[in-house]
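Multiple structures follow.
Below are two complexes that have subunit A in common, paired first with subunit B and then with subunit C.
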Partner chain A sequence: MGSTNSTLSRIPNVEELMQETGFTPAHIVRLYDRFEALDKEKTGHLRPQDFGAINRLAMNPIGDRIIGSFFSTGQETVDFHSFVRILAHFRPADKNRPKDPSMPQPVNSRTSKLKFAFQLYDQDKDGKISRAELLQVLRSMLEMQVTEEQLESIADRTIQEADLDKDDAISFEEFRKSLEKVNIDHKMSIRFLR
Partner chain B sequence: MEPRIPSHRSSYGLESFLERGLLLLVMLIFLEGTVLTLGAASSPDISAQDNTGGGDDQRGIEGRHGHANYTKKAFPVLSLDYRHIHVPFEISLWVLLASLMKLGFHLIPRLSSIVPESCLLIVVGLLVGGLIKLAGEEVPPVLDSNLFFLCLLPPIILDAGYFLPIRPFMENIGTILMFAVVGTLWNAFFVGGLLYAVCQIEGTYLSQVELLPCLLFGSIISAVDPVAVLAVFEEIHINELLHILVFGESLLNDAVTVVLYHLFEEYSDAGEVTPMDVVLGVICFLIVSLGGIAVGTIYGILAAFTSRFTSHTRVIEPLFVFVYSYMAYLSAEMFHLSGIMALIACGAVMRPYVEANISHKSHTTVKYFLKMWSSVSETLIFIFLGVATVAGPHAWNWTFVSVTVILCLVSRVIGVVGLTFIINKFRIVKLTTKDQFIVAYGGLRGAIAFSLGYLLDKDLFPMRTMFLTAIITEIFFTVFVQGMTIKPLVDLLAVKKKQEAKRSINEEIHTQFLDHLLTGIEDICGHYGHHHWKDKLNRFNKKYIKKCLIAGERYKEPQLIAFYHKMEFKQAIELVESGGGVKLPSAMPSQVSMQNIQPKKLPPAVAERALPQFTKGREEEIRKILRSNLQKTRQRLRSYNRHTLVADPFEDGWNDFILKKQRMIELEKKVRLMSNYLTVPAAPPDSPTMCRARLASDPNAFYNIKASSDGVPTIQVDLASPQSPDSVNMLNEFSKRGATDQGLGQREGADRDEDQGLMMKPSSNPGLMRCLSDPGPSNEDEEDEPFLP
Partner chain C sequence: MPSQKKNDIAIRMEDVGIEIDGELDSGSEDEARRRDRNRKAKASPRAGGRNGKPATSEDEEEEEDQDEAPRKRARKKKASAQDSEEEEEEDDRSVKRKGTKAAGRKKKAVEEESEESEEEERGKKKKGRKVTNKKQKDEQNKEKKGDAKGKGGKDKGNVKDKKNKNGKYSRECQAFVEKFEGALGKGKGRKLYAYKVMMAKKMIKFNRDFDNFKTACIPWERKIKEVESHFGSSVASYFIFLRWMYGLNLVLFAFMFGLVVLPEVMMGLPYGSIARKTVPRAEQERAMDISVLLDFGGYCKYSILFYGFYNDERTIGVLQFRLPLSYLLVGVGIFGYSLMVVIRTMARNSDEGGDGGDDGQFTFAFKMFTSWDYLIGNPETADNKYASITTSFKESIVDEQENQKDENIHLRRFLRVLANFLILCSLGGSGFLIYFVVKRSQEFANLDQDELSWFEKNEVEFVMSLLGLVCPPLFETIAELEEYHPRIALKWQLGRIFALFLGNLYTFLFALFDEVNAKLEKEKSIRNATIWGLNEYYSNYSSYHNTTDIPPPDIHPADVIRGPCWETAVGIEFVKLTVSDIQVTYMTILIGDFLRAMIVRFLNYCWCWDLEAGFPSYGEFDISGNVLGLIFNQGMIWMGAFYAPGLVGLNVLRLLTSMYYQSWAVMSCNVPHERVFKASKSNNFYMGLLLLVLFLSLLPVVYTIMTLPPSFDCGPFSGREQMYNVVMETIENDLPAFIGNIFTYATNPGLILPAVLLMVLAIYYLNATSKNYQNANLELKKKMQMARDEEKNRRNNKENTNQVMQDLEDLLPNRSLLPPAAEEENPPPDKVREKGSKSPKVAKRPGAAANGKGVNLQNDVSLAAPNPKAAVTHPPGPRGLSGNARGPPPGPVRGRGRGTPPPRH
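== the complex of A and B ==
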């Protein structure tokens, strides 16, 4: 426990962070250790190259997008707070949270998780997944094993199915609706981040 | 005794199905009972010449009174030799009875909705057994352990293992193992221990029952039975999670049961179990379970590898699946490993590779055979349970039996609640109280317990009959009481039911996307979680294993594409069946997707000039593409209802559809050919030429298919009628999206005609089809294409 406390004391604003994300001190410490391990040059910030050093991430079809999601627009580096905030999306949701509509949704609620996933699709941040963006995702996931025509028809089909207001793009609401049968809490949670 | 064939006359007068069904039942029971009696009577003891028990007439005819002086008798023109064939005959008769019972139950709808099938079958077994006993004969020991474990159980387990939904199973494997191992152990010791305590109480006259036999009894009775669970659960359609939990538990507790059984049986002689034995028991458990899985995996890989080479002998493909699996089971049983786990592992391992290799028809064969055998097996098991109940020597002891029943219930509830409390700490999606109740209530016992009890040695266990009675009572209690009440309880508690399996392409894409996302996040966190290992396994699979075990180039195709194609063609067929002109509410197979099938489009100028070669080449290409794409699609079996196969409307019409589609494409081209040569625009649909052509032909039944769905307005395309142009216009409206006007009158570009060719244009062509009498592609071409899930 001693080392936990000392590590915690090194992190600025750690109380606020725990409050906001719901992580326990043990988790924060674990994440801080990981942050420091990634931050090879000890600058206190992570750059895209640091993420790129993770080998397995390079093999991931959407690895670049994930890395990109950590950096908010215009920023070159990620500090520990942002790092934790992004990862907080993947905490399992608290079952017994009182459903208070006036309070903002916590970071790990179903809606927030979906919003995070949505933003990964929507690279230009216009609030919709356009056909081109969908094509990009499909191309990266299917890894050159299909022809362009097949990709296009899949993209068309996908948009057709989900697009309820016929604007040829998928909005967040449509995205959420198409995933209503999927147990997002289960699919988008990492057990260790409890 | 003459075989009594009841008169059939009475059946002619009966009108309702119900009465016919009942009469059928009664007739069959009679028939079964009498023939079996006959069989039982004539089979034993050829040598006993003064054995006059029943059926003597037959024997007399044979002249078995062999003595020295041979008197010449008349040449036997017609003789009856039942003894010669009696074993296969009886087996067939039992199977026939089982199948006819199944038929009968489904003819009586009200009954089958109240009472689960398993209960009815046990009752039938009781009736048959009762009849045999009434006839004064000894009831044949039908639920012989060998028969059960070697013949009746494997098909059911193979069916379950082959169609096991791997994903939910693996996601919940921790929970399932906890319930299977720890839960069964708890049950065994709790029931065994408390029974022993009760037996020691004065006044029950049971004090001669020792501890170890009690524990043995506890271990026999505590295992949840897969057959019973399957039989009852599939009728209640609960959600996937609960189903896989209870079912998975029933499959995996076999290893525990085997070890406990052997352990206690071995040492009930010695009278005590030392700690050393316990350690050995634990080691034995690990060997039994892991060994069983290993044996199954080896055979599964062998089967997958064999199926890679079967492209020239498609007919025996299903055989490999069955034989390898059965050998896996037998090999495991040979070493006293867990045969059930071997079978499950074999089926689950071999399935993805075998399905990528075998043909369309072989897949169907495998599916149907498995379901048929497992269905018959299950029916037979329950009937035999009924017969064995009537047959077996019983030693009823109120205390013992009632305490057993109560203790089993109590221990199950405590076990489930306690384990869930621990498990929920590790689960993301927690188990609610309702879930726990269903899991506890669904712990049914079945024939495995009975067979294990039957295997006990009479000398070592003098109270064997009492055990058997108690086991049977417990089985009856769980199957009847719990089986019958679970359905209303599920409704009462509003437990989440199984969702319809229809998965949209959005879900598929997004789920895969999320998988990748989570794997990436886990890598960033440096956490070797669930997704990490799954991803690793998938990569390993793709890189090495698929190359070895899947024939040809098929291993490269991503799952998403196969899924997508399946959806597209399903919609195309729906479109055809609904008459073509109706705008479907959900997404329509777009022009784009149809165009997707086409090869590169040639510019019209080139097409016109190079017509003869163009037509044939394109035709071949289209045919090939259609064939390969269509053959790859298959409805994934997501349903958990083992006995009603997912009604596949496309299955039968599939080949017809392909044929006709191709025929139509060819005809389109020929029309174009004709019209280009004649340099006359093709006749509009109501021109005299077309009308005459149409009238000359019979309306092709294919195009008159009524829409199957209710509420969707249908347009019946009546080909001979002058109203056809209207339907053509409807079609045009539909197909207008994204393409230029494709009215029949305008036949300009080659590419547009390609589009038209692939869209269903029923009205234009049938007459021409008949006129030109194009034979179309031959059937055997389609055999070769292997099938992809």
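== the complex of A and C ==
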């Protein structure tokens, strides 16, 4: 109890943060510990290299994109508040909470989770996953044995499947439709945060 | 930690407040349902007492809690007085629920009484009720804030429902209290609750760990997954089958070892005590020679491994273990168990295969966006994951390719018929060849062995191995004509080679039966001679010593004249065959795969052409050959296990080593197939073949057990007319008489025939039902697919921003007049490549093109303005219409890929 309070008191604007992200104090404390562990040089900011130390991200074919998603454009570092805000995407959806119309989209809703995933693929931020972007991901995800031709046909096929308005790219809406059956709430949640 | 607990509680508290509202807000339909349930629940009141207080409880109820017992007594009288206040009754009920179990029975009596009275009431009010019902609901909605007491019922009809409603509220309260008891309570209850929450968390964690542990316990799961990720599910299916087989053999081994081998070793006579357990004098010199032992002669032949070693004493040891009976029952039980397991596995597999859960709608998108496992932090695992994603993509590509090709159906049909004809021809040819060779070898057997050349002696083996070498590749080549999906092609290949191998089996059994018959003849003469000799000895002894108390002849067990013991000979044949099969398999892997891979890999540095890409290259894993090898090997085990109990143990060793050996060989010296294909979910085809082999191997064994007389001087059944006489003996001697009677009746043909008839009828009936279900299933699947298509079409129509274009599509009868659409569907390959290789900016081009097209179309539309606009005004239009709208224009590629559902397997 005591440690919790003292940790909380070290974080500025903690109430606001909790309000915004829906995390409980215990979660915040936990995240803060994690943040400090990653922040080797104790600057209060994380740099991309710090994330690289997590080998789960290092192994990931789109790991650098995930790391990139923590940094808003033009910024080299991320502080604790934005760190928590990003991670709030991964909070499990609350089950028996009423839908409050005044707060339209909680950050951990299905849609915003999907949006987060979508942005990982949409590198140029034009709201569409283009064929070239798909190919990039495919190249990093598959082994060398696959020929370029096959890669292209996979990309074409993926677009063909998901593409509804035939603009040869996957918009967010189409992305959402194609992953309709996937249990995003389950997959994109970090259960330890509950 | 404590702080966290507190938070949890806090959350719960919040939830609580909300939940009450939420529940009460539910629609009137819900209410009605719940009321219904309440009515039912009334008949059987739960006695589960709760000590917590309902959150919205009113004072009265609490009071009642305290003076419960006197109240109850009082009520007995009251209940009979029918027109007690309704409120009272309601309270009554809640009290009842709170009562302890001890009071349960008494309460029941009360309940019955009151129920009766209610019944009467109901009868009276039945008519009035329906009318008032609606009113009720409205009222309920108004006063939903749960004053469980309710207002005093004014009109009679109302009262009734109010009672129910009140009951419902108090029930809700109760459920609520049950749920959040601790969070609401103070002191002890709260601590208990915190503890409960903590335990629940621990439990979840434990369950997860336990699941991990369970997965880790599945033998070779990691090995198989590794193979699967590099070679695809088809190769993995072989290893899964191998693992399954290993499990089966372990059980068989446990039976054999525990019930036959172990008792004989522990309690039976030791080696050298009687003739059958001793090496004969003539063979003793060479009994330990390695060459003899490798042929399973010498000490091997007279060991626990084979049938002949077992003694025919009815019971052995202090336990009075009936070894002969156990031997027979285990021999038959192995078949029974195997049959059961195979059939059960098949049934379960077909269950699993049946669900059409994943449709082929977004295969690639799914794989693309969701296949990576974000918890992978280990480079090796990551490598495997890369490989498996690649493989699964390849599998999907193959499936997709297969779905897309149907160019010339007539040519294909013709080719398939031709291929089958060719294969039938070669199968028939090889069958005749085998028959011919076997016939010839029988003729040779009658001739003098010295006159025959080496070739003539080994003709059968030579021809068999030649056929086994030539035919499978031949079949494979012919099968190229058919152009089946590789998965189906594998099945055909398996079936054809299976038919070929049956010939192998046939010749082997034929030769074996010849041998057995010869041995039986020989045995008959030896037996007669032995009996005659014994009689001579007895008569001589009695006349010489003038006594009837004759000791058995004093001959050393090694010198006793003995018969050929055909059972052991058969057992040795099977063991030899199994061992040679193991040798051949392992050598093939060593030379055909390992050595080849070595040569290709290292000689490639100094060779004139590229060995890796060119002629020898690396081997592929031969699924059909390996599966069939496994199946036939198992057939040998089933047939041989009765005559050589040690064979099962040998096979267990073989499977164990081959699991490691083969998975190593696959990973180190093979390359994946060119077209990796997805194995069917259930490997029921393998199982079907196995079942067939099981049946085929069951026949000869049962035949020998039922008809051939056992050897007179070896094995557990010696001295009996038939092997199954052991069972008869046991029934007569050891079981009470009536069981024998029952047995006699049961074996009466008059009973067996109707039983068989009944079974046939049952099979027929079940078959018919399952057919019906299958049809229904198919229908439903079709409907689901249709519904999906419809939804998709609707979505497309609705969300197509360019509605004008749609309109136009409706308008134009001939879609080929729409050049831009066609072009968009079929982008020329060079354009595609260009798009892929250039910067993402280029990717926007098609969009721009589409815009341009849109403009053009608009012009067209203005020309065709007065045409019907049905499709636009009714966006989610009926199927026919939307189908029409989306018909041909998507071009050939698209139309086939999406419109028609892919054929299901």
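Convention: the second predicted complex is superposed on the first by the 187 of 194 C-alpha atoms of A that agree within 3 Å, B and C clash if a C-alpha of one lies under 4 Å from a C-alpha of the other, contacts with A are read in each partner's own complex, and residues count from 1 in each chain.
To be clear about the criterion, a residue touches a chain if its C-beta (ideal position, glycine included) is under 8 Å from a C-beta of that chain, and two chains touch if they have at least 3 such contacts.
The structure presented is a predicted model; accordingly, all values stated were derived computationally and were not measured.
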| item | value |
| --- | --- |
| Touching partner for A:34 - first (subunit B), second (subunit C), both, neither | first |
| Partner chain in contact with A:185 - subunit B first, subunit C second, else both or neither | first |
| Which of subunit B and subunit C A:133 touches, first, second, both or neither | second |
| Contacts of A:51 with subunit B and subunit C, given as first, second, both or neither | first |
| First (subunit B), second (subunit C), both or neither touched by A:117 | both |
| Partner chain in contact with A:150 - subunit B first, subunit C second, else both or neither | both |
| First (subunit B), second (subunit C), both or neither touched by A:71 | neither |
| First, second, both or neither for A:87, with subunit B first and subunit C second | first |
| Subunit B and subunit C footprints on subunit A, overlapping residues | 54, 56, 59-62, 117, 121, 137-138, 141-143, 145-146, 150, 152-154, 156-158, 160-162, 175, 178-179, 181-182, 187 |
| Residue ranges of subunit B in contact with subunit A within the complex | 426, 428-430, 499, 504-507, 509-527, 529-532, 539, 556-558, 560-561, 564, 567-568, 586-588, 590, 592-593, 595-596 |
| Of all residues in subunit A, those that touch subunit C in their complex | 1, 4, 24-26, 54-56, 59-62, 96-98, 117, 121, 123-124, 130-135, 137-138, 141-143, 145-146, 148, 150, 152-158, 160-162, 164-169, 173, 175, 177-179, 181-182, 187 |
| Interfacial residue positions of subunit A with respect to subunit B in the complex | 31, 34, 37-38, 51, 54, 56-57, 59-63, 66, 87, 90, 92, 95, 117, 120-121, 137-138, 141-143, 145-146, 149-150, 152-154, 156-158, 160-162, 175, 178-179, 181-183, 185-193 |
| Contact footprint of subunit A on subunit C as seen in their complex | 2-4, 7, 10-11, 15, 18-19, 21-22, 361-366, 368-372, 374-379, 381-382, 386-387, 389-390, 393-394, 397, 400, 795-796, 799-802, 824, 832-833, 835-836, 838-840, 842-844, 846-847, 850, 894, 897-898 |
